[in-house]
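There's a structure below that I have some questions on.
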């Protein structure tokens, strides 16, 4: 069975989506066990796949038995093996943690919600695992459409911000499709590896240049890279907490993965970094993204929205790191995909718990939370430390590689931006800690006021959150292993 | 194929596209969009993409227009631009 | 916004024009797209799958995996429309309108009272308009033929334009036509919401299930030649049959999704009279 | 100039697709009405489909359906006789994606209308700001 | 240099970290504090068990995980680290006793949180002491910054909030803004961050780069309180006194000074600094801080604030000693970590005891307090002797070596600075003691009745005062360690 892992990762969630959809009309209590089982299988298969890749190298799976480039093929190498594990793990932990809030927010639409949820995960996993440029587009649309559905289920402003997201997302996906078309018109192939093989003689062609730029712009739109980020904060803020804690960690990160895949596999670093002189422009854009994201986050008085601006800044980290054009920067970008997915999951799950208990996420709603929800806030502290970049949480280590890459590339603007955003993050998070810690103020030194009773979220929500917090630290401690055994092989030899 | 027909369809495609965006009535826009889709479908069948044309005829000109009309019916026909 | 839009549009357009200069000339038989991969499909489609319509063999076999997700996209759209719009378990309206079919008299009942279902009275909404007999009858006559044609399109997709997708849309359109010419309630009596909602995933599941069956029979996912042992035919015919199976799945899924989306949009999720 | 005109004519499909695409893009950015934007979005998508279909065209070739029909497996098929079927297949998918996006977008527009009672973006934003 | 691999350093760090779950789950305060004691004693035992090995000139090494090529989370116990770890783990026990008296005496809130973060802070301190490279040091340094924040802001009122902000802003701002990039640049230049006697640089780097890196690293460890990064220290004095005592006289600030010393001796290396003549820059920075801080201390009325400025000055002694780059000066600087710790903690304990017993915080309100709290004030006298550097206290030795160091390094201006500041120290400590005991009955603000703070408060300060004196007679251990470290 293990040679079928690549397809099982996608097929099991897909089939379970139909099962959940039908179960919703028959017996609603079946939905949750089905989704957990399916995601469990996906996690199992992706871990198994990563281990296989580590042992034997790239795994290729021919769908329909047709060898590429005739048919569609799945290529699993170290890069997407790693991302697969992250995506499936995040989805599994999140669905367990969000069961209560899903049932609270959508008492009668839980089954369609679960269906969309797992379809979204299917889409994301498919994007990561596929080796076919057009197949990627189709899965991109699945992830996007389900995303619109999930996001629009939120507060009253959610449909409008989702519709804006839909416009932007469609433009992004269409640009990507157009880029693939340009590649097809000059090479005649749709298979990524095959395209990469056919491209080198065409590096001077304007069409290839255009294909590259259009693909990049499309992907940047989808990942909300500055200056194309305007849709993200509103769309994520007004979404239901179960949806935002799935989408915020995964979608932008998977899109960053797509960008890296395009650079590394399809266009090859020689073309992307050497033939084109775009590096500097993009890294400066990333610098602006980081600085803007940090400043805009500083202006927010609302926890969830603040976090969304941090996502914009984090996207800047990854894009900038990838475009530094050296090994350390690329390592940092790939490592940050893993780390950022986990830490964003952590903080958004915290927001979910807070919303579940306090029914709000504005700063005023957070008063006294350290006492009220100590475990949730404990995990929040870990997540915040990771976003700030304090060792030994994992956020520090990817930042390390990013800074190292920037130093090696001699790009001091990027170094400064990273340091700046770390400092701003300190302010951002400690402002929140202060509110949760000091307020509401009592008259005298806080000696006598009766301590507020502890009112923690249900165990089912807290335990996955704490697991994520522990993972954040473990990933940090094992960074050396991840880099040496996985990421090192994910980057082609040519990139130094 | 005669180039005159080709040219006429191409012109009409652009005209209907612009028209459906310019007309100050959403129902009109929906219908013009249906016309646009249908012309597009003609264009494709001229190019030999019969399956695509067939699909566009049933989806673009058919179901899409119905969806548009239904949505406009449920909201409003008013538009400022 | 208009000026920004204009600037962005012009820049993008100029860039695309610049890039298009390097394209191979239009309809050039020697362009890479026409010479690299496509000859394989054209020359081997018949040998591999015994399907004369290359588009169908390519759609459902060589790139069948894409098509499975394409169907899933459609299912997703239906589901999203449902989850966004459907007002489930909503309160019954305080006032109900009924129309006596024979006389055309409208009866309004308040405080939630209702008339038991009978031949004589039909329920109507505030927005009710008198039906046109010609349209009603005309549509009623046309619908069976439309459906027959749709089935033909699905079944004959192997050797002529068409296939599960187009046929499914047409099948769906026939029910939508019923809903437009009569009203949504009439259409819903033919196709209950639950039926639609269950058939839709079932349709996609037929597709994915066929693929999984191949996987369980020991070959790769969607490798229809594995079905040969079950269908007792040679692998090439098995591919042809496999394509038919998935086309049927696609047809069911697409038909129900179109109906589902229409139902939800035309009644804004209330499932009343509709358009 | 004398070289330019043949270029324009030789690739007129590409120019048309760019024109349509830009019309759609402009509508999506600059239009105020939500449904108009959705129309623009669909035009944008069809433009790309037009582009792909144009790739598939081949001089002197016919539609991609084997003339031999069933049971003609032994016949030699010449690739040059038939149009490239691959772009067509891709575009079937793209059309489906387009209609799916359309359905979702219209559903969202309906939700927005039921909340704000208008489809004009500026009016909606004004309502939000007033709160 | 011989090395042996042992897990002991890791255990020493983890003991106080692992005890936190016990603290949280303890049902009664007595059980909780029992656990704290157990952890403190185990920690001291582990640290002490390594002393004989270190005294033989051997180093103990333990690698936890390699995180980057050439950089690992790695512990290395050498003489200097041992000196610091020994001081801090000894004083933890004393401070725990004192904390119990103080916190219970004032009936403070959130005591569990207090003890937990205290334990975590101690872990971080020992972690810093045992770090084998700059990265591990940075890791524990940051851990200490964040673990002490809740302690500084313990009172949870507006004042605590603004002080906490200032504390974080200076400490974390400097470490992320200066140390992190400097560390990255070092790594990029050399590919390693491991401390070694020769330093990590080849010496071929441009002088300007070295100067910038040095300044970034020295100033970036803002816990050392070198001006202009000093003003968090007085602000942090809003914390409960045991926190001020252990953390702001011993752990936190000494971690800063320790880190600066590590940078000077381990990252740059004495030889390189001497060759590039960079030591003198640090010397002048430190000298400036010493004098200015002492002058400011003179003008402070709040007892804890005066102690805080005194601390700033004394920290720069340590830095100054090493920056002289002469062997004697280095021994002086390193032993000063221990000597000053004992002296200053006594002073803080006294300040806290006075606050617990009388509620007074300002020096002007303490006239005649010696009659009411004789034991405390005698201890205060001993402590101040140690800080000034007069016999019969341990402080005498470190000052003695420092003075010798200036002579050895031919830095006469520094000798003047040291002597001036000693005079200033005397000028701001002796009046307090004098007024406490020798005042006319009219001036006295207290009744002539002995009423000391609770026994839990008094015992620790007696112990540390006695320790200060004991160090005068038995300074061998620390001197030996410092000597080993400079060799």
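Read from first to last, the chains carry the letters A, B, C, D and E; within each, the first residue is number 1.
By our rule, a residue touches a chain if its C-beta (ideal position, glycine included) is under 8 Å from a C-beta of that chain, and two chains touch if they have at least 3 such contacts.
All figures in this text were calculated on a predicted structure; none of them were measured in a lab.
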| task | Chains touching subunit A and subunit E alike, please list them. | result | none
| query | Starting at subunit D, how many touch steps does it take at minimum to reach subunit E? | reply | 2
| message | Based on mean C-alpha positions, I'd like to know which chain lies farthest from subunit A. | response | E
| Comparison of C-D and B-C (more C-beta pairs in contact) | C-D
| query | If every chain is reduced to the average of its C-alpha atoms, which one ends up farthest from subunit C? | reply | E
| note | Chain-centre distance (mean CA atoms) for subunit C and subunit E, in whole Å, is 74
| request: Between subunit C and subunit D, tell me the centre distance in angstrom, where each centre is the average of that chain's C-alpha atoms. | output: 18
| remark: Expressed in whole Å, how far the mean CA point of subunit A lies from that of subunit C is 32
| request: Could you please state the distance in Å, as a whole number, between where the Cα atoms of subunit B are centred and where those of subunit D are centred? | output: 11
| task | Specify, in ascending order, the residues of subunit A that touch 2 or more different other chains. | result | 134, 138, 141, 145, 148-149, 152, 159, 184-185, 190
| note | Residues in subunit D with touches to at least two other chains are numbered 12, 19, 25, 32, 54-57, 61, 63-65, 86-90, 92-93, 96-97, 99-101, 103-104, 106, 108-111
| Residue list for subunit C, restricted to those that touch at least two other chains | 16, 20-21, 23, 31, 33-34, 37-38, 41, 53, 55, 59, 63, 66, 70, 73, 76-77, 80, 84, 161, 165, 261, 265, 268
| note | So the touching chain pairs work out to A-C, A-D, A-E, B-C, B-D, C-D
| Given the complex with subunit A, which residues does subunit D contribute to the contact? | 25, 28, 34, 37, 41, 44-45, 48, 51-52, 55, 86-87, 90, 93-94, 97, 100-101, 104-105, 108-109, 111-112, 115-116, 124, 128
| note | Contacts from subunit C onto subunit D in the complex sit at residues 1-2, 4-6, 8-10, 12-13, 16-17, 20-21, 23, 25-29, 31, 33-34, 37-39, 41-43, 45-47, 50, 52-55, 58-59, 63, 66-67, 70-71, 73-74, 76-78, 80-81, 84-85, 158-161, 165, 236, 261, 264-265, 268-269
| message | With touch defined as at the start, can you tell me which subunit C residues reach subunit B in the complex? | response | 53, 55-56, 59, 161-163, 165-166, 169-170, 172-173, 176, 180, 258, 261-262, 265-268, 274-275
| query | What part of subunit D is in contact with subunit C in the complex they form? | reply | 7, 10-15, 18-19, 21-22, 25-26, 29-30, 32, 54-61, 63-66, 68-73, 75, 77-82, 84-90, 92-93, 96-97, 99-101, 103-104, 106-108, 110-111, 114
| Which of the residues in subunit B end up touching subunit D in this complex? | 10, 13-14, 17-18, 20-21, 26, 29-30, 33, 36-37, 40, 43-44, 47-52, 55-56, 59-60, 63-64, 67-68, 70-72, 74-76, 78-81
